Amino acid sequence: MLKISQLVKRYGNGAPVLKGLDLEVPGESVVSVIGASGAGKSTLLRCINRLVEPSSGSIELNGLMLTDLKGAGLRAARRRIGMIFQSFNLVDRLTVMENVQSGRLGYLPTWRAVLRRYPKEDIRRAFELMERVGIAHYANKRADELSGGERQRVGVVRALMQEPEILLADEPTASLDPKTSEQIMDLLRALSREFSLPVLINIHNVAEAKQYTDRIVGMRYGRIIFDAEPAALDTAAMDEIYAGVPAEERGEMDNVTPLRANNA
Amino acid sequence: MSALPDTVPDTWRKPPMIANPVLRYGLMAAIVLYLGWALVMLPLDWARVSEGISRAGRIFSGAFPPSFARSGLLIDGFLESLKIAILATVGGVLLSIPIAFMAAKNLAPRPIYYLGRALIVVARSFHPVIVAIIFVKAVGFGPFAGVLTLIVYSIGFVAKMLAERIEEIDWGQVEAMRAVGAGYFPTLIYAVFPQIMPRQIGLTIYQLDSNLRASAVVGIVGAGGIGSTLANAFGRYDYDFALAITIVIVAVILVSEAISGQIRKRIW
Amino acid sequence: MVSMETTPEEWARFTPRERLQRFAIFLVVVAAIVWALTSIDVIWAWVFDAPQQIGDLLGRMVPPDATNLPSILWVLVETVNIATIATAIAVFISLPVAYIAAQNTTPNAATLWLGRLILVSSRSVNTIIWALLFVAIFGPGIVAGIVAIMFRSIGFIGKLLGEAIEEIDRRPVEALEATGASRFKVIAYAIVPQVMPTFWAVAILRWDINLRESTVLGLVGAGGIGLILQSAIDTFNWQEAATVLLSILALVVLGEIVSAWLRKRII
């Protein structure tokens, strides 16, 4: 269970990007966060694992107050939060296996990490997970030799290697073509069920959000203005979330091709 | 792709950079042996080194505080270095132009091309200090040997870069000039020079900066400039003056690097 | 298209202002050359005599005398050793220096300035000047030469490596920080692999440069082939000097070929 209350983030002296958010994500549900660019989606996600330092408010994960942590305590907490990125954020020049094992870095003794002497159970787990998402035969390939969809699968496996208690996904499909992005969304939903993981996804594509997630949170100007089942997201709600944003940028898949790569 | 074997593997090794194990371990052994041998061969006399430490203490205590008492000598040395650098840059760049045309594959006939390349290789291969020592013997101590040395040094760099630029020129412009019936030199002036000019100005400024640096060094073997002043100070154990000279050299190099960087940024 | 009343009969490439600017620059350049030419401390008679003197000297070098070739080659090997050992040690020392001199990895402002100070002082003092100092400290010999080359190389390698660190892709670093990895592990997994190609390229380039520099160390007493060259020149044994010069030429050309090959293999 992730519990966020009164979260505020402000950069410098400007207007706050997040203006007192409250959000709860119970176990095993897939929640998507939608909103126009600049609504604060990405900042919200990065506040959870403290890649971005919140200005005030509290974030609690399964009873652990994340906002109080520092140093080693913070690193130990980050191990429990898996994150998936829009541009995959793999280390291109390392093999797929090394990228996958880098999800275990928070647990490994330093000498094992440096010498690439991974424990047997980690290697087995890596092969099982890679087999699950269909990339096991790439273990020895360099990450930059893979296609976009395959690279995102490596990113997913890296996050799962952490044995996380929650998965954060920041625009995980924005750099992928339509078919691949549906596969990745499908995979995230399935993994959420298999591992009983809550998954919080920032997404541009409203059609995908409706199809693959259990709950939709709509943000505008740093506030949550919509929070309900996908079915409840009607045109009126959409207009409120995306007021002033042209239709194709909302990514309504029915008849418009979204400009994914461009408007990311 | 075929699926994994029934049991999931629990071992993994990063694929090595060199696949052949004999070659891999052979190479590692060879490197270790070489470095070991080279280190053992060092005539390291620890007594001499420990003595050297105390000597270093004396040198440094002699060097502090740096003495600017003879700043007149210092300024003269610098002005001489600057003159050497200016004249060597002018001479070097002027000579580089014909040599670069000789060494450009697309313009020069084969035998001339090889001659041009050979000149550049020789100019590049000898460290300016070696060239300086020979010129000092040939024309005597003083700044003239320094100018000659740095001319050779400039040719090594400027002619090489310029020849590469000439080889990359857009051949269409040359053909256009030939098509209107222009002769060899008009073609050079209208179709080749405009294409290499910006690079040439940038290279000249860069070379002036390099020559100023190098003139501080070639002076040590007697080719004039601030380097001679420094070598003299060292030779007479005037370590405080030597430190003052070194500090000023560093400052001048930093300033000239910044200036030449700024100018080149504007031109390019 | 601008319509004009009359067709102009004059055309100039530059506006008057541009022409003035160009003329001023030209004037400054000419003034600098004139100043240098008129005030330089040169005996002009010697200058006009120079081609003949140089020709004379080259004439005395022919034919090269190869009687001492074996010992020359042996010292050449020693010269290579100086360059190689110094490069190898400098590479290791420059790693932490590059780390603290790169804005995005340095722990704090004090370490950043310390790193930059090391780089600047190492880079702006030439190898020969370093060698003068270390010969005074360690006495004449190879050790002074190795230490001198090392000191100069640290700045060169450290600067280029530091710039490579500043240009890395930040995103994998962010991803590994998000997994809870410690600072050191993030460096080992996200930064080191990204700067590896630059690291090898810079190390090879510097080795090539050091080979050239190690040929002159002997002139200030810091070991290597320069020592033999100096003694041949001092005793007016120009034919042996020619042999030494040719062997230096061969060494440098060979070094360039080896480093070009290594670059292609490793990167």
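So that you can tell them apart, the chains are marked A, B and C in the order they are listed, and the count of residues begins at 1 in each.
As a working rule, a residue touches a chain if its C-beta (ideal position, glycine included) is under 8 Å from a C-beta of that chain, and two chains touch if they have at least 3 such contacts.
Since the structure is predicted, the reported quantities are computational estimates derived from the model, not experimental observations.
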item	value
Furthest chain, CA centroid comparison against chain A	B
Interface with the most contact pairs, given as the two chains involved	B-C
Length of the line joining the C-alpha centres of chain A and chain B, rounded to whole Å	51
Computed distance of Cα centres, chain C from chain B, in Å	5
Inter-centroid spacing, chain C versus chain A (mean Cα positions, whole Å)	48
Residues of chain C whose C-beta touches two or more other chains	none
Interface hub residues of chain A, defined as touching at least two other chains	98
For chain B, residues contacting two or more additional chains	none
Touch list for chain A against partner chain C, complex	49, 51, 74-83, 85, 87, 89-94, 98, 102-106, 108, 110, 113-114, 155, 158-159, 162
Of all residues in chain A, those that touch chain B in their complex	95, 97-98, 116, 118, 120-121, 123-124, 126-128, 131, 136-137, 139-140
Chain B partner contacts - residues on chain C that touch it in the complex	32-33, 35-37, 39-43, 46-47, 49-50, 53-54, 56-57, 78, 81, 84-85, 88, 120-121, 124-126, 128-129, 132-133, 136-139, 141-143, 146, 212-213, 215-216, 219-220, 226, 229-230, 233, 245, 248-249, 252-253
Chain B to chain C touching residues, read off their complex	34-35, 38-39, 41-44, 48-49, 51-53, 55-56, 59, 79-80, 82-84, 86-87, 90, 121-122, 125-127, 129-130, 133-135, 137-140, 142-144, 147-148, 213, 216-217, 220-221, 224, 230-231, 234, 246, 249-250, 253-254
Sites on chain C touched by chain A in the complex	169, 171-172, 174-182, 184-186, 188-190, 193-194, 196-197
